Amino acid sequence: MDQLERLIAIEEIKQMKARYFRCVDTKDWQGFADVFTPDAEFHSTWVSNADGGIIRGNQEIANIIGGQMEDLLSVHHGYMPEIDVTSSTTASGVWAMEDYLKRAGGEGVRRSGGSGTWSMHGFGHYHEIYEKVDGEWRIASLKVTRIRLE
Amino acid sequence: MDQLERLIAIEEIKQMKARYFRCVDTKDWQGFADVFTPDAEFHSTWVSNADGGIIRGNQEIANIIGGQMEDLLSVHHGYMPEIDVTSSTTASGVWAMEDYLKRAGGEGVRRSGGSGTWSMHGFGHYHEIYEKVDGEWRIASLKVTRIRLE
Amino acid sequence: MDQLERLIAIEEIKQMKARYFRCVDTKDWQGFADVFTPDAEFHSTWVSNADGGIIRGNQEIANIIGGQMEDLLSVHHGYMPEIDVTSSTTASGVWAMEDYLKRAGGEGVRRSGGSGTWSMHGFGHYHEIYEKVDGEWRIASLKVTRIRLE
């Protein structure tokens, strides 16, 4: 893999991660599923399950995250990627991130048991592994570490 | 257009958009006019005119946006570009964006009818079309869609 | 220096600046020292000294900034770089930036004289000069200009 191929891979991964953010904030859950590999792992601090908070599979990730976001207004931003292309089909990356979540108190459909207005503003880093599958870079593993939550 | 030329175009468009943000927040209205093509269209949700909120022409865009920003403190940020180079002189792009606007209540020159302190914090996406004119990438069309306004 | 080498340099500088942000917010002061040249200049608005607020030398920069950040929670983000590669070993750049600082009032170890909870939210630009030293791009000079401080 030469230097030009490496730069192309980095730009493709950045654009794929841009789709990740745009899909989650515009609630395009099929587009969101498509940025992950079929057997991707999503390490969630919000989900508790038999796998210790790990959601497996791109459709399951989209279903669970989409369900959590259903009545939330969200803004997710990523910054300052450090992407390391380890082969022509594998790479890893760290991104700084910031997210705002807000439950649409009186404005949206409220779930039973919903507690009205609630909001969260968080900061941290994504630690990700990428694989090129069917000619497209996708996220194979995603973990978030937090430096601040409000 | 080969892969290297495509990457160069993407980096040049990113740097041009960086000038866009720096010029608007430092109130450099001539620099702001220069990032647009002479006949650019700016689809504004803040301006109502005979063209349905479309401002035409780079000098007119700079005049109108500059007038609106005159007594405002502004911070505009862009993130996560998805830039598609469609030929050696045309491209399109989507950017996540965030903007803060604040009227300098007691600090600046207040317009007649100004209501003192006022601020806005918004989130959304730019949807843009670019053209290379006189050897420089410029914005030919700009629209903002919002996901949140506070 | 050809076009490909220029793009590689720009990507390497972006990744180095990403390390700068990650190291300061995770308090990795050795990593922070390593992104500067040995004789780097840091133009600080927070430090007053015989050199008019200029801190010289990468270890001294890490010591002084690390000391200031000791009991602060910090989030620093950079956006929209305009990087100009001026030779195979020199470059300059402007970045939009945003920083949050918060003193951990009741949560952390408080310094004597600490005034409890305090926070700052700032916006501005980094103006930087880079040099390639020992095969790595590093910051040789850093200044911040502010457009807003809260």
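Going by the order they are written in, the chains are A, B and C; count residues from 1 in each one.
Convention: a residue touches a chain if its C-beta (ideal position, glycine included) is under 8 Å from a C-beta of that chain, and two chains touch if they have at least 3 such contacts.
What you see is a predicted model; the values in this text were computed from it and never measured.
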Numbering shared by both copies at the chain B-chain A contact, with half separating same from different: different
Cα superposition of chain B on its sequence copy chain C - rotation in ° rounded to nearest 5: 120
Rounded Å distance, chain A centre to chain B centre (Cα mean): 27
Overlap residues in chain A, where contacts from two or more other chains coincide: 4, 7, 79
Chain B contact footprint on chain A (complex, rising order): 4, 7-8, 11, 14-15, 17-19, 21-22, 25-26, 73, 75, 77-79, 100, 102
Chain B to chain A touching residues, read off their complex: 3-4, 7, 10, 79-83, 94, 96, 98, 123, 125, 147-148
